[in-house]
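Letters A, B, C and D mark the chains in the order given here, with residues in each chain numbered from 1 onward.
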Amino acid sequence: MPYSPEDKKRVITRLSRIKGQAEALARAVEEGTDCSALLQQIAALRGAANGLMAEVLDSHLRELFGSSSNATRPAVIDPDAEIDALMKMLRTYLK
Amino acid sequence: MPYSPEDKKRVITRLSRIKGQAEALARAVEEGTDCSALLQQIAALRGAANGLMAEVLDSHLRELFGSSSNATRPAVIDPDAEIDALMKMLRTYLK
Amino acid sequence: MPYSPEDKKRVITRLSRIKGQAEALARAVEEGTDCSALLQQIAALRGAANGLMAEVLDSHLRELFGSSSNATRPAVIDPDAEIDALMKMLRTYLK
Amino acid sequence: MPYSPEDKKRVITRLSRIKGQAEALARAVEEGTDCSALLQQIAALRGAANGLMAEVLDSHLRELFGSSSNATRPAVIDPDAEIDALMKMLRTYLK
């Protein structure tokens, strides 16, 4: 299920930012940075993970069910199985 | 505000796991992995960030207010300012 | 966009449970119940709201895009507008 | 563990609002309101539950560890047990 090149680039950029945040946090811990500052950085890393999730979810929904994907979409997809998989993931957020 | 060596090691281990997850996700995107699988991996990365937050928050609360820290705690801390900072961070989770 | 009678009944049952939780919490506050116990009850109410969200989201996705709804679905729906609305709501969870 | 009268009033007001939201949602479901609108209302109810949690958590932390409560606080509280209970609840948010 290939992304568009632009989608891929955006997602890879987000992932390298998250990697950078994790590295910066590790340095901060080594240097004994104050917990309050660490907690803020961790909240920012979590926010980045949520932003990544929203981006991939958005393009996944459009790829599956959006109008523009009608031409490119494989002839038959199993919408119910796709919705099952989506809900299984979303329920981890809806606890 | 130094951590105990064990605390530091645990937090650093969690951070390198998150870094590894971000790298694995970047490879998966490059390889055009199916979105459903990506969404599960991103949810796992987010779970790791939440686990890290819980770990650091736990040791922060104990360091500030726990009984064991009485001896080691600096003479005067400003509990109200610490609670302000804590709540400011926690509200980002309680939206 | 009518629900099935069973869907409706389940959602209404969940809502009356949430209402009951709110009333029980109000009594507990009036009686000066300990904060720890209140926090647990509030977390349960939030969990119930999340469960309700998952239930309605699940039936909404199936109604819009599921195979079973092909026969009953209005001739033309605007999938992109529906995905926009869905993502707008989901982003409130993905912060 | 009595609240101040102002605290109590604020929390009770929040709870009656949540009750009102649940009742309004039940009416909306009965009337067959569109799912998108319902999802927005449920997200608002969840936001209200989160706001309530933040409010009670804030006053609980101040009551336990804040400077102003020094005079009124019972002679000996078990900070470690209180932190255990707090983290147990917070981990439900940090999943």
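Here is the rule we use: a contact is a pair of C-beta atoms (placed from the backbone, for glycine too) under 8 Å apart; a residue touches a chain by one contact, two chains touch by 3 or more.
These numbers were taken from a predicted model, which means no experiment stands behind them.
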Query - Fraction-based call for chain B against chain A, same above half, different below - result: same
Report summary line: Comparing contact pairs by residue number, the option in A-C, B-D or A-B matching C-D for over half of them is A-B
Report task. Averaging only over C-alpha atoms, locate the centres of chain A and chain D and give their separation in whole Å. Result -> 29
Query raised in the report: If you average the CA atoms of chain A and of chain B, how many Å lie between those two points?
Result: 18
Requested in this report: Would you kindly tell me how far, in whole Å, the mean C-alpha position of chain C lies from that of chain A?
Outcome: 23
Report summary line: By the touch definition above, chain B meets two or more other chains at residues 47, 50, 53, 57, 82, 86, 92-93, 95
**Report entry** chain A residues within the chain B interface of the complex
**Finding:** 1-3, 8, 11-12, 15-16, 18-19, 22-23, 25-26, 29-30, 32-36, 38-40, 42-43, 45-47, 49-50, 52-53, 56-57, 59-60, 63, 82, 85-86, 89, 92-93
Requested in this report: Can you check the complex and tell me which residues of chain A touch chain C?
Outcome: 47, 50-51, 53-54, 57-58, 61-62, 64-68, 78-80, 82-83, 86-87, 90-91, 93-95
